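Sharing a structure with you now.
First chain written, first letter: the chains are A, B, C, D, E and F, and each begins at residue 1.
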Amino acid sequence: MARPDGRTPLQLRPVTIECGVVPHAEGSCLITQGRTKVLVTASAEQKIPAFLRETGEGWITAEYGMLPRATHERTAREAAKGKQAGRTLEIQRLIGRALRGVVDRSCFPESTVTLDCDVLVADAGTRCASVTGGWVALALALARLKKDGNLRGRPLREAAAGISVGVVRGEVLLDLDYAEDSTADVDLNVVGTSGGRFVEVQGTAEREPFDEKQLRQMLAIARRGLRRLWAAQRRALAGRVPEEWIPG
Amino acid sequence: MARPDGRTPLQLRPVTIECGVVPHAEGSCLITQGRTKVLVTASAEQKIPAFLRETGEGWITAEYGMLPRATHERTAREAAKGKQAGRTLEIQRLIGRALRGVVDRSCFPESTVTLDCDVLVADAGTRCASVTGGWVALALALARLKKDGNLRGRPLREAAAGISVGVVRGEVLLDLDYAEDSTADVDLNVVGTSGGRFVEVQGTAEREPFDEKQLRQMLAIARRGLRRLWAAQRRALAGRVPEEWIPG
Amino acid sequence: MARPDGRTPLQLRPVTIECGVVPHAEGSCLITQGRTKVLVTASAEQKIPAFLRETGEGWITAEYGMLPRATHERTAREAAKGKQAGRTLEIQRLIGRALRGVVDRSCFPESTVTLDCDVLVADAGTRCASVTGGWVALALALARLKKDGNLRGRPLREAAAGISVGVVRGEVLLDLDYAEDSTADVDLNVVGTSGGRFVEVQGTAEREPFDEKQLRQMLAIARRGLRRLWAAQRRALAGRVPEEWIPG
Amino acid sequence: MARPDGRTPLQLRPVTIECGVVPHAEGSCLITQGRTKVLVTASAEQKIPAFLRETGEGWITAEYGMLPRATHERTAREAAKGKQAGRTLEIQRLIGRALRGVVDRSCFPESTVTLDCDVLVADAGTRCASVTGGWVALALALARLKKDGNLRGRPLREAAAGISVGVVRGEVLLDLDYAEDSTADVDLNVVGTSGGRFVEVQGTAEREPFDEKQLRQMLAIARRGLRRLWAAQRRALAGRVPEEWIPG
Amino acid sequence: MARPDGRTPLQLRPVTIECGVVPHAEGSCLITQGRTKVLVTASAEQKIPAFLRETGEGWITAEYGMLPRATHERTAREAAKGKQAGRTLEIQRLIGRALRGVVDRSCFPESTVTLDCDVLVADAGTRCASVTGGWVALALALARLKKDGNLRGRPLREAAAGISVGVVRGEVLLDLDYAEDSTADVDLNVVGTSGGRFVEVQGTAEREPFDEKQLRQMLAIARRGLRRLWAAQRRALAGRVPEEWIPG
Amino acid sequence: MARPDGRTPLQLRPVTIECGVVPHAEGSCLITQGRTKVLVTASAEQKIPAFLRETGEGWITAEYGMLPRATHERTAREAAKGKQAGRTLEIQRLIGRALRGVVDRSCFPESTVTLDCDVLVADAGTRCASVTGGWVALALALARLKKDGNLRGRPLREAAAGISVGVVRGEVLLDLDYAEDSTADVDLNVVGTSGGRFVEVQGTAEREPFDEKQLRQMLAIARRGLRRLWAAQRRALAGRVPEEWIPG
């Protein structure tokens, strides 16, 4: 069965990560995965939330948004509606958790890094691209903190990237685009680390429950994609952050 | 290592499901799991959302709330704050998806069933208890729709129940309570069906990434708990819904 | 003229008050009056609002809510709508004022007690039941403050309870249920004290103005109901709070 | 004991009601009671709320607001805060109920009259002045509806006016000003009709519970004030509405 | 071409400014311009916004509102809708900027003056009337600050007033009323100073772009109106503020 | 006096307009002016607001937003705060008015075009860049409507572009960047047409009132910049919209 853009089932869409696109931000990148485009900025501020005072740990948090016409049909602007959708809040909670899962926050006890992930064009996979690009922007911001003398030690234990896998008409496919995603029976989003472990595994039966065998198959395929993303992250950061922060 | 309430690692907390506690509702139950208590009502209304018009399918949706003093410290009332927290929206989206995953909505093309899951006492596991109790309240409401002539066929393909598993200080534990949950390294919520498949698998590394072996171990343990919950659901519904709706 | 549930005109619905139903709360009770059920928690916190600083007085406040399906038809969740209805705010202001009216707040100058009154089932009389149950939960929380050394003296000058009286088709009835309340010409809510005085008297002509003779007659009947409620409060608290706090 | 402005205990503040102050409105008046000033407009629109469709009854509703500097200290603007205070909602519900209590709404089955009561200067008694002025503005708007052929019959069964009575340092006083109101032990707001009956009786023990004898005494004094207000309403409306609408 | 109220093209509507109408406010006035009526209060408070700390400058800000029935058709109350319209925010930002433009804020380094401009009757020109009346209320409040010893020096560099000019069916008209404003091709609002300079010039082509010649013609006419308004401001303030504050 | 980036006083920053950057939108462009970058999409939908029904005219409206880190310091996300700032609303009202001013809306009586102007990087001049880019995106969307048979005639009467001029330390400068803008005495934003007329002229004395001579000087300089912008718009649209829509 052919995929809309001619890919093989286990083929990732083309991925590029362009660093430094927003000059004001401590870290920033534009990640493009197929037609999906997410602009990520990382803002480091000398403040921490109240619940972390005197714990010796800094904070990492994320916000997510979609420009109104990132989607096929125009979506109402959340700022105009006066509230963020449940989907938005769910995604930004995921991004924050995923990145905190690979960072040693005791390296920057006085700082908060906020990742803003804004989708310029949406063609599925935006939450995963936000995690992948978010890790790059975070690394850049942490490098800047280090340069400014506000960070000690090695803050990044591993790299983190996100990928989706789905079951479409019985077939397991890597990195779904919108046309595939909207007809998938099962949708699995995985945040994996460069060390081969998982930070988040979120599988949902959109149409039909799945069994453990299918889950294992999807996880295996996810790992293939994650290795490719990890390579793209390495390339984007080369020469921009301390070399020892980038796990081999 | 002893658990706070003396349970063995694979032991579920005592579960009771009391049906019919809210006389006005088409379906209702109070589910108690250890100290956690969730009141679930299912309201059937003759209306469907716009996007389902002329599709021949009904709708199932869920809302979730916690009474302010369900928690150890009083939590501000969401109605007074003027918005629902991200956690609340994330949970109610999960409950709705999980229940839609086991229902044939073409059996009630004109109706919406809304599950209201309100936590009276929170001691961890409230989202899972909401799914488990939600399926019972849903079954009761569907039985009422059938009695009123507004439902045809067999709407429940399988039962659905939710359970949490965690890794605490290296040990895999079933059905965490609050003390355990707040120190867990990994937290896995699983919604499983009476047919042995999954509707939702949500694993999160709260402190330390996990590998696939740990994931498999946690899923195996989750299945043990799910069988027990399925038995509790059967007992609660016996004689209250058509016998053929309750899978053996 | 027969009442829907067979009561005589001056007969109260059966009332039960179950203490300690929410383990986390400093005080809690479930009050049942006929089919109406309200869960009340009293949360004591070591803080006071800004306007009471340096006055030597603590604070008592109340919040009120109805679960969406407490009512015959499902009511939209206030947290989802993003604001509390005028009726909700009016009722919670009444509960707070009523309880403050019988308490010596100089006994706990550093503390705020928040009463959360959440209606699980509504069959009329929910604001009055919230006051009656609220006084019980408050007494329990104050006893807890005393035990923890955060209260001195005798904080409860009198007991307070709430009762409704109405004129339905020309007849004065005690403790209306929903069917009666929705057809009443006049609706009177009274908060009375164990000493025979009033804290709140709120009479409203829903359909037809009332004269002073009718008002006196309603007040006399209200007092009958209040004595019964006061007895129920005494029974509920026996052995749970210092004996001298419970006026003979 | 002298009152701040030299009045005797049972003396009303000077009251004037100026009609027609807002040219666009179907009815309007500026009511001045001592220093308190409330601008009331009545807007008649050809629409009714959904719950009145096919009942043959029109609707009357009220909204209340205070200009930010109506008060001694500037109060934050509710529009800027994004929500109306509980006090505001409580008052506007009272005004609407009070006026509906004396009107035959079957005379204008297709219309809604909205009373906007905006306080320009607040020196206590604003809710009562809103009712008193509201009845005048309502009468003017109904006369306009009649003139336009959108009203039949006699819509005003009785006049309605509001007055406050309080117990201050043991003495019963009519028509409290701000200095008196802020130190009152008991505060009673009464909406009475020209026929000598009550539409609303709201007594609150601000500091000390009150007994039935005090309540009777306060009601007797309220009636004195209400007669004076009714005379002021008659004078204001003379020649402006059909003579038979103004009860002798 | 005749104007609706018989004015010549360059004739201002009758303007009156009544000072001191709100007794609680440090400064207040009611400005009437034709049928338009705006009540302005100036509240002086001993506080400054965070961004001015340690700058040695005080603050001036404005809020604007319209009573619901100030308009021909009733407008929904912004407090009830839960947010201020874009038009409201745009106008109040203009008023604040305009007044700050003629004030030496280093004369009252610890104070904020808030101008509340509430439209009682709207017949076009409300933003300009708010500026004109706002300057008067501001002067009164600053005089009060001086009297209380909280102001030094001469705070008012010049007077400021606002006026509208429009092009209606090809003719340039001064001070449009609602009927004219709603059919204007071009609408120009000018805030000018008693020294003959501009603080704000806002010209908008409502229907047809305008050229520079038209702009010059409109500005010349605006200046005529501004001189008249400045005279009305002088008259209103005579004897109420230090004489040297009122530029000749 | 040297400008921060070495420009002469009357020199525009480099401007590029890249069309078609958002594949889903009927029209889109990325406009870059110096460091300022605004992504504009134009969404055409087959609907019109209620007030235009049966008028034979379509609608054009605009929304404006800034990504949180478009600014030097991170700005809180408006969607998270739950409301749009006054500045945002003021700007989007300006953009909509400006574009409506040069369009014949009777050419697309059934359609609404919504311009979404989202600032990716802010270095002053964002509202002007939004107008300039907005006109390009609008032209593209109208060309699409025409291609789809939903537009007749020639909808664009003239081109519209926006430019800022300011007085900084006594010198008139074209196209201020952030460093200049934040110290300007006067700030003038002009929306001009390709025919040499004005749609919007908004001059504000940020520090010091300005006289008519200064205004004329600023307008003359603005016209220089507008000609350059008009040339950039022509280049961007060449071959993309009907040639006769682009005025010579």
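Rule of thumb we're sticking to: contacts are C-beta pairs under 8 Å (C-beta built on N, C-alpha and C of every residue); 3 or more make two chains touch, one makes a residue touch a chain.
Values in this document were obtained by computation on a predicted structure and should not be read as measured data.
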Chains in simultaneous contact with chain B and chain D: C
Touching chain A and also chain E, the following chains: F
Copy-to-copy rotation for chain B and chain F - C-alpha atoms, rounded to a multiple of 5°: 120
Homomeric contact chain A-chain F: same or different residue positions, threshold half: same
Chain whose Cα centroid lies at the greatest distance from that of chain B: E
Chain pair repeating D-E, as identified from A-F, A-B or E-F when over half of the contact pairs by residue number coincide: A-F
Whole-Å gap between the CA centroids of chain C and chain D: 28
Centre distance in Å when chain C and chain E are each reduced to the mean of their C-alpha atoms: 51
Whole-Å gap between the CA centroids of chain C and chain F: 59
Residues of chain B whose C-beta touches two or more other chains: 82-83
Contact graph of the chains (line, ring, star, complete, other): ring
Sites on chain B touched by chain A in the complex: 83, 86-87, 89-90, 92-93, 97, 101-102, 158, 193, 195-207, 209-212, 215-216, 219
Interface residues, chain F side, partner chain A - complex: 21-25, 28, 35, 39, 41, 43, 45, 63, 65, 67-72, 74, 77-80, 82-84, 88, 114, 116, 118, 120-121
